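A short write-up of the structure that comes next.
By written order: A, B, C and D. Residues from 1 in each chain.
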Amino acid sequence: MQPFGSVCPQHPGRRAGGLRSATAFVSGLILFVCLALPLGAQVPTTAGSAGVGLTPAGGVSPVRDLEAADTPSDRGESATVRWAPPREDTGAGGAVLGYAIQRAPQPEGPFETIGQASPGATRYDDTHVANGERYFYRVVTLSASGDVASPVAGPAIARAQWINTNQWNVFIVLVLLLGFNLYFIEHIRSGRKTFIRKIAGLEAVAEAVGRATEMGRPILFVPGIQDMNDIQTVAGVTILGHIGRTVAEYDSQLVVPTSRALVMTTARETVKEAYLSAGRPESYNEDNIYYVTDEQFGYVAGVNGYMVRNKPATCFYMGAFFAESLILAETGNSIGAIQVAGTAMPAQLPFFVAACDYTLIGEELFAASAYLSGEPKQLGSIKGQDIGKFVGMLSIILGVSILTLADLTGWEPLTRIAEFIQSFWSTELA
Amino acid sequence: MKRTIPLLITGIVGAVLVIAYFIPHPPFDSLREDFSIFFDIIAAVAFILGGGNLIKMHGNRVSRREEGWGYSLVTVVGFLVVLAIGLTKVGNPDGFRGSSVTAAGSLFDYAYQFVFRPCAATMFALLAFYVASASFRAFRAKNLEATILLLVAFTILIGRTFVGAWMTSWLPDSLHFLTIPYLAEKIMVVLNYAGNRAIMIGIALGIVSTSLKVIIGIDRSYLGSD
Amino acid sequence: MKRILALAIIGLILLVLIVRVAQGEMPNPFTDLEGFGIWFAALLTLAIISFLYDDNPVYKFAEHLFVGVSAAYWMVMGFWSTLVPNLFGKLAPGWTMSLFLSERAELTRDPLWFMYFVPLAFGVLLLLRLTPKGGHLSRWSLAFILGTTAGLRLIAFLTADFMGQIRGTLKSVSGYTPAAIAGGATSYSFETMFWDLIAVIAILAALSYFYFSKEHKGAFGRFARVGIWVLMVTFGAGFGYTVMGRIALLVGRIEFLLVEWLQVL
Amino acid sequence: MSRFYRIVEAINELDKRWVFLVVGLAVVTATIFRLTFPEVPTEMVEAIYEKVENLPAGSRVVLPFDYDPGSEPELQPMADAFVRHCAEKGHKMYFIALWPLGQSMVAGVIDNVLREEYPDLVYGEDYVDLGFKAGNEGVIAVILTDLKKLYTTDSRGNAIDRIPMMQGISSIRGFDLILSVSAGYPGLKEWVQYGGTPGNIPVAGGCTAVQAPLLYPYYPDQLLGLMGGIKAAAEYEYLVMEGYPKFKERPTRYLTALIRMGPQTVAHLSIVFFIVLGNVTFQILRRRRRRMN
């Protein structure tokens, strides 16, 4: 490990091509979306003014401004019907009982009912249409005193789109975050210094490994109980690599029971590489990284058994944990081991905090691999995360202030800005 | 060469799955789901590695008569028996091609009901004891942070019983905000929720960075040596 | 002396159990499979609980049996619920149906069925580890898996946790609650305003604790310290709230022993 | 050192096993004597009860059972109460599982509650078990758009097209309620994120006490009600008992959660006792140490 105040010596001779191409890739993406945006839109066809069945019956009116068009930003096979509800629609329990959505291949009919919407609804997605076919729609307002149909709208022709324009905000946030990361990775690689604060749990790693060596006892590493499709496991295994290197240098014994076969395989590759780069490939023993069982509690039973019988001096728990967190940590405590935990499972953090000596909380788990590696390009990503947090905090401060002001003053433009900010951060499909 | 191809695979697969999120057109619309299924398939194939390792490890202990080899024999026999009755669906009411492998009446279900289930549930139940011992040991007012942890845990614990309501019921209505049920609710709904939100935002940023590092190949210790 | 006492107590318990079984008040482990199963499950339950005292041969037996049985259980489940329907069923529906599934399953060929050669290929590459020379090819599978994980999680957490949580925080802290029905009166409450404001400050403080690239000193340091307190409240609350669920699990086991096995309740 | 301090020291460093023994004895005693305490339903629980109660008979309810034997004791009473309430109201129940073992949980409820207590209800007409599919939240996203893509058969191998209550259903869009019982990932949170919110279907449900705080943020906008752990289940049972007095008759069958709250309370109090004890001894010893320095 390297000290952190002075982290950033340039690594000469490393290729910068990967990063450049990544930056190029992101900017290409933006361009692609900007160019393709106008192509995605299809003008909705509004209902003609000369409709059928416009007569109000028994007090309810037909819906207004009926539009039928292809559902935008989807995989096709869906058409969207939108309307403005008549004034009699006062929500559930009012005069309007609901709406029946009717469809026909020609504007003249024959119409058949394909779905219903509840009072207050303004939209219906017909997901039983074929791409390229023409469909005409009308909406019947249902009431106790009789039903009344709207004019016909259409044709709607369903097709699949190439760009999901509903997700433009996600795209912007994605590009921003990736941009921050890539920028700082590049920035720090080029030799600029950055400050990274101490993380107590990581400072303790070398000490904990040293202690085990002195006592002549093994070091236990638990990479969580999830498979490699959980990014926490990926982070855990990466940390294992760094710890493995320290262990190899101290020449102590590292034991890694895993709950998944793929984690076992990946951990073996990682630790083997760590021993190799520490110059001690001969000390690497594949059998110390072994599969127990996929079953959460079977795994815990096995690891607990290992702990009380072999009394490891140091236990690391890095990855995704569920209820077993406290069972492991209490057993570890009872054998007097130094325990360092790290997880991004918010529900398990309280137990690790209570029962372990050090705990990496949430984001610290992901920062750990960069921190332990001491590589400049990895540290850049920590800085990138910080800028992401800064943007998030700024958005919260600005957003909450504007929303509050809009609420207090009731000033229309401010309310609109407030609504825009809310919709910008909202990821629900439109 | 040995490292370039894996790096390319990771980069391409990762980037395509990120971009696929923005493409509703088939086949990209279901690509993210398809790849989740692909992962499950590879993980299922990997069971062969895991199971093989289990048999090898415990089998070696048995054949070398290492200390505790009898227990290893239990593992090997349990594993092989359940594997056999599960793959062949012995005792399944509708036969081999019939209903699901967990159908009631099959030997596999019997092993689940009377071995797997009691063991899993009891292991889980041990937590009741560990929660108590951890509370006793860790919740001590050693410093400010520990005192906050202790007081909050105490309030919530007692607020989960009728005693919480009863202890502060004598307070007048104007001091309602000091009653334990009120405090417990506000701690859970306001502060706990705020803390978890902050943790989740941080985690999301960490995951974005970690994923990016994996995709562009900065983080690659798993690839082993050349 | 202690030993004799312990043996005497165990003997007495056994005697009571035998009498109860003989009188038909408890399931009989020797007459039917169900009775044997309940006895076996009860003994496994006690064996695992005995770990609380210390490691012992009975726990070791239960542990090793559980590991073997559960590993096989998940392997079998992986075969029947993933490999059969999602791999064999996609690549060769007819063959899969005639071999593994009943006629009622009615598998049809997916238009993109050939995509499933991808996981098959990577699965096979993974297994090449078992051969002496194919080790490095298995890294291709790991690379595929890591790429999939990164690509899926990046977007999922960005939308659900980063954007979703920020969106959830964006609320007015004016203390006014909008009218429940159109045209109704808005209501104001100081209490609502107070707690809403506390929530926003708490989130900001906790977020600043996670700031890595700025020294926690001065005003920022004090704010980050408040963040630590918020996290401590979060953890204390999480811990206290969880106890209930854990006790419930223990009660479940005790009820199994008392009701299904001993049949005393 | 005086005798007093020696005792205090011993208590301060008390062996865990004494703690285990006290908690164990407290729970066993309370279980045997079936201690119960009165429950007051909270708003979040009442909202779910009202929703199920006010849906018209024959409404379509998705019941995802995403838990396994590990959390069965905590979640089963809740699941049973949901199913009983839906059956009483005549709702159509669609069981589904995202956890491999969830399927066994569904089978258990069908055998123990529906077949035994409601023999008139017909499989395939009043309730259907769609079974387990791997893919976590991906499954939810898929069945929201095209159910048959994943579910060609139910859990028993019947073709979906031949099940009466699946006629004309191509996705869960338009269903009246998602009533989930979940013990973690994937679970209630995923049903909100990938099912209820995008599909505009009301979501409610129960989870373990651990998960509940993480789900509070979704209430009341995206979750119409939330039940955390056995306490909430007891409150729900209390409401069902008030609405349908026949359930009072066999408390050991119908009111399992209320009965289970007894040991909970006793165990909580014993843990509270240990926390107080630990802090008292800790402060006494700390004072002494300060004095001696």
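By our rule, a contact is a pair of C-beta atoms (placed from the backbone, for glycine too) under 8 Å apart; a residue touches a chain by one contact, two chains touch by 3 or more.
Please read all numbers here as calculations on a predicted model, not as lab measurements.
More C-beta pairs touching across which pair, A-C or B-C?
More C-beta contacts join the chains of B-C.
Centre to centre, by mean C-alpha position, how many angstrom separate subunit A and subunit C?
19
Express in whole angstrom the distance between the two chain centres, defined as the mean CA positions of subunit B and subunit C.
Here subunit B and subunit C have centroids separated by 4 Å.
List the centre-to-centre spacing of subunit C and subunit D in whole Å, with centres computed as mean CA coordinates.
14
Can you list the residues of subunit D that touch 2 or more other chains?
16, 20, 27, 70-73, 134, 157, 210, 213-214, 217, 231, 264, 267-268, 271
So which stretches of subunit A touch two or more other chains?
75, 170, 174, 177, 228-229, 231, 234, 262, 265-266, 269, 291-298, 301, 323, 330, 346-347, 349, 351, 353-354, 361-363, 367, 382, 385, 388-389, 392
Would you pick out the residues of subunit B that each touch at least 2 other chains?
Where subunit B meets two or more other chains at a single residue, that happens at 15, 18, 21, 30, 32, 36-37, 39-40, 42-43, 46-51, 54, 98-100, 112, 116-117, 119-121, 123-129, 131, 133, 135, 137, 139, 149-150, 153-154, 157, 160, 188, 192-193, 196-197, 199-203, 205, 207-208, 210-212, 214, 222-224.
If you connect every pair of chains that touch, what shape comes out? Choose line, ring, star, complete or other.
complete
With touch defined as at the start, can you tell me which subunit C residues reach subunit D in the complex?
52-53, 77, 81-82, 86, 101-102, 104-108, 160, 164-165, 168, 237-238, 241-245, 247-255, 258, 265
Over in the complex, which subunit D residues touch subunit A? Could you list them?
Residues 16, 70, 145, 170-171, 173-174, 184, 197-198, 210-211, 213-214 of subunit D touch subunit A in their complex.
Enumerate the contact residues on subunit A facing subunit D in the complex.
The contact residues of subunit A facing subunit D are 75, 115, 125, 127-128, 296-297, 322-323, 330, 334, 346-347, 428-429.
Help me check something: in the complex, which residues belonging to subunit B touch subunit D?
Touch list, subunit B to subunit D: 30, 32-33, 36-37, 40, 98-100, 102, 104, 112, 116-117, 120-121, 123-125, 128-129, 131-133, 135-137, 139-142, 150, 153-154, 157-158, 160-163, 165, 188-189, 192-193, 196-197.
Can you list the subunit B residues touching subunit A in their complex?
So the residues of subunit B in touch with subunit A come to 15, 18-19, 21-26, 29-30, 36, 39, 42-43, 46-51, 53-54, 57, 116, 119-120, 123-124, 126-127, 130-131, 133-135, 137-139, 149, 196, 199-203, 205-214, 216-219, 221-225.
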